[in-house]
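Two complexes follow with chain A in common, the first pairing it with chain B and the second with chain C.
And now, the complex of A and B:
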């Protein structure tokens, strides 16, 4: 049995090993990489992506896919900024209401997404892709293409205030991760995600309301997208349609690189954390050692192919579609 | 002509085949029997090239060979007729037959369909199947598909010089009695062209068809017997390694049921095209068996009771309350449990642990406001692992890695621990070996002693007669006849078959 254990363990811990290897590699290539300042920079850059990745993790565990995050983030960011400014534009006044309101907006966006998928019986891939475009269009309509500045110092302290050299938002993201972990491992809905991903027919025959689980999954994912939008706005101080730009590829890459299988039933939010860190360490490391931006995108693409290749047990999978 | 000598196969942690000697002569039909996990499928996979042996040698006509994949085995004349139907349903019969070997019909990249149809017709004639080669496969019956599979393997005859070895893996499991007879006649006819290795759980069939029988236990060949000297009892003993209880179906434990307490009542329930005018009462502690041929409507009735299918007429009431909503969720809440025949699809979630599977249908009892009480869940799982002696390393073991019998126990534990008192068993012993079957029979008796009502669709008629208090014979969607099955005065096979066909 020891052999089996070691192989299984290897597969389980491979993402972490890759992360450590990457950190070592970049540290040797440029000693500046290994500094608290740089790690803080990586953590900060990773924060919005981590939230999006957590959201999509739940969907992928169910065996579905969600491609609406860029639209969802754009809508959430713009709604937040508009509401925040119209309520006074300062966190210590009534404007704080904009924070929970944004989470509700994200969840509602997910609700619509889920209902379109489940009620109209449109594959999640197509339903969410379309909803993403709807979101982009909606946010453009609201802003007219303008940027909205959010300059409240208290809100921006998420970025500017540092505890032990890391900005405040990193700690809040850590908290959100713990909440996600709790949902995943300690709640009915979390267990149901795995059941649906592992055997949908069976989950149905056991009296589970599979459609309800699906819709709830999209709602939870939407709420995490909203969190991601908040962190993204806090980071750059601007809300616009482009706030969600590039998050789709980054988040799905992270989830897959972290070891959550695309066909559902396995993986979890810790995998996604490791995945997000791998992606961001690579992005940051390549800047530190001086590679141009366009090389980075290419490297990330290769990385996804590599991760899926390594994580798949091809013996049991003769063909894929 | 085909021989294995001292073949070993080792998986991490498991010695699956231990120095297996196996020989098959020209035109011979060799039976291969053993319990689940005895190594039958591993041995077959080595033979048809899906696995490579780790030790020993494989000979074809005295020459050492090593198959790296099934294609190489086919080129040497070894072909496999799969248990799970391996035909692609949306392709035509001829496309399936020549799948992967279309090259012979291709001119400049274009397939000559006429030529392929002609060749396919020739193959179908070998198995005496009179269908058009351009039929879409999904339109065929199970029996016809099985024959197409055989025809597909028989194409080896034209491609390979020398002798053929054809493996038949549980070919009879989806067939009706007369279809089995036809298949056997066909195999006997074909032995002039090929040797067969026949694998089945049904020992009487193996003895009937084979010349010699290899008995496998724990990865070793424990005996090779000539079929004319073999009998079911002694082979069973060798497979299991102990005597089979004479009281196989636990008849001595059959207690009369409580006829004052009606758990479930169906009143002239009908569903057009499936069944009509079905009335029955299930009492506490009763085992009611629905007997009939495949497609007689038994399964549809079960699905209606469970709430997966809404009936068009009549009424269903559970514990005196008429059912209004029809959904699996409703059924579960009313205490109805369904143990489906496809364990892998509807029985357990592979990849989830034992305790997670057990609480899957009743998470409400183990959570407050959506938050799970995992400690409570584990305690429950440990209790039931103990109670049903489930062989799992712990409650955290992956259910997908358990043997079929133990998976079945987990499914039953799931429902019983949730307090279900109407249990629908759809072929609960299908694919299980003898030891595991006996465990299931014990569980059935335990459940009925505990006042649980059971509706059973049994794997064999003997099983139905042995286990049940009451038998309803279903034919063409109608109940033809009721039988009372008190221990000591049970109806015979003949009594039942008379009303079935």
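And now, the complex of A and C:
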């Protein structure tokens, strides 16, 4: 029994326990919460944020941070919508090219982000924050402040078509999660992320090209931001500069609440899935039990502190800066 | 000894303000330098025309500025002749930019501005008046500040009252619902004046409809994504009880519509919005939205610049005008499925060419406090 309840185990499963506790709490407060239709709604709201969280997970595992997601999502969404409409505006014509093209744009955005960070030796925090602003400016330049509607029924079927009560986009997001899990656990680059995050000097001394790993990490993150942008456009049917708003706070909160430590080397995409679900269950549950929305932000803030406290062994930290 | 401490503190703050202002001034001067209008003149013959506003991300401000540009073009100048002072939601930057421009042009300025918040309006108009420039404001102004207290230099103030139109959209919604049933409301940023007025408009209309029940009203912060999430949560909480939705603006409406579409409920639950963005008007034509309200930001942006410009050049003398011509409400036009097509043809398909000397025709009368 003591082994099951060990601190290590508790740390590992704490986010899942929190998620279950939240679901039980909201279900008792309002039985409507515990319904397939509501879970579908939560899943739908969570898909774009999940993609962003997966992307940032890789960066955080490396011990870096990426704050460019709002700009990256805005650029990807706008590029996608523009390209999609100029190629015919229907998924069953050549417009499908816009989908892979958007992923490439996202990866390129990440590439620039990574190069600025590594080559100019600017801390990832500052490099990515600035790149985020560049992205917002770029998307504004492309749209002139307007919003672009994407109304192709086939593309929107990601939202409107349902299989087993869940919209198609949820299944595609699941597929992307599996790909991310594959990258994390079955590829060399995935293991290198952990090596860099666990001890950069050590990884470097063992002959690992740390800079290359970092740039690749930002590229992969960028591709997932692009996926997030696609789901966001599919969900709302609108691409605009504001498509990426709020995603920074939500995604980083999700990753941290899910149990991935901000100093790198631990955690992973499954943690992020749990984190995204926790954040979205709270957002949905608060409205469902009738609390004003601004209470949510406070609750999320407290939750982040709690999560960081629970997920790390204080004794192992020499100092906190 | 405390006065010494206070003196030092004030000096420190002043120095910081000076440094900030000079940094901003350099930036502003560089931006304005593109124009390069000549040295100072005693009378304003060729004032620099400037618009100071939040940013262009927002379709509303985008429309405002397009009006300003149209006005500048009507004077035979290129669009680029309009100086943009973008405050990004900071009153300090707004004031610093204006002061920098006044210093550079020696007061030879016709300024149209939303001062970002009401208290910031006084220092702005005082700065403009002190350097003998001309300013017209929209939206933000404290109730005790009036253009006529500044002679000719504070030309005019225009704002919009959302109370009445929001009440009207609510009535349209209730009629569509047959006068009974539950509704939910999604508002703007809770502390914003338009958000407060639009919610109050809804509540006013409900007084005449005892069978309408407001199930819940949540702030969606003018944000499409947030509105989408809140609406789907509402559907969980209230399910079939929801018979109608009152949205504080179009962008919120888009999020609500998509939440309904995901459940196959679009067209089943009627919604009303506000602002009359072109895409919202299209949705009214399609019948997805029951009503929206157009405040003609294009005209508002153009006429505010025109008022400042024509007062500066002596086309009219503001102090000779009655109070109603110096503080007035902007136009509001209700758009419903019946008239949406006609509205679109008149206002959106081709932007009408406005007579920028007809300052008060489309307005809605003097502001009452």
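Just so it is clear, the second predicted complex is superposed on the first by the 315 of 321 C-alpha atoms of A that agree within 3 Å, B and C clash if a C-alpha of one lies under 4 Å from a C-alpha of the other, contacts with A are read in each partner's own complex, and residues count from 1 in each chain.
One rule holds for everything that comes next: a residue touches a chain if its C-beta (ideal position, glycine included) is under 8 Å from a C-beta of that chain, and two chains touch if they have at least 3 such contacts.
Not measured: the values here are computed from a predicted model.
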Per-residue touch tally on chain A - higher for chain B or for chain C: C
Touched partner set for A:187, first chain B, second chain C, both or neither: first
Which of chain B and chain C A:266 touches, first, second, both or neither: first
Chain B versus chain C as contact partner of A:283, first or second or both or neither: second
List of chain B residues in touch with chain A within their complex: 12-13, 306, 308, 328-329, 331-333, 338, 340, 345-352, 356, 360-361, 363-364, 367, 370-372, 374, 414
For the chain A and chain C complex, residues of the former touching the latter: 30, 32-33, 35, 37-38, 41, 44-45, 136, 140, 144-147, 149, 156, 159-160, 167, 232, 235-238, 240-243, 245-246, 283-284, 286-290, 292-294
Contact footprint of chain A on chain C as seen in their complex: 56-59, 61-62, 190, 216, 218-220, 223-226, 228-230, 232-237, 239, 254-255, 258, 261-264, 279
Chain A - residues contacting chain B, complex: 1-4, 7, 185-192, 194-195, 198-199, 201-209, 265-266
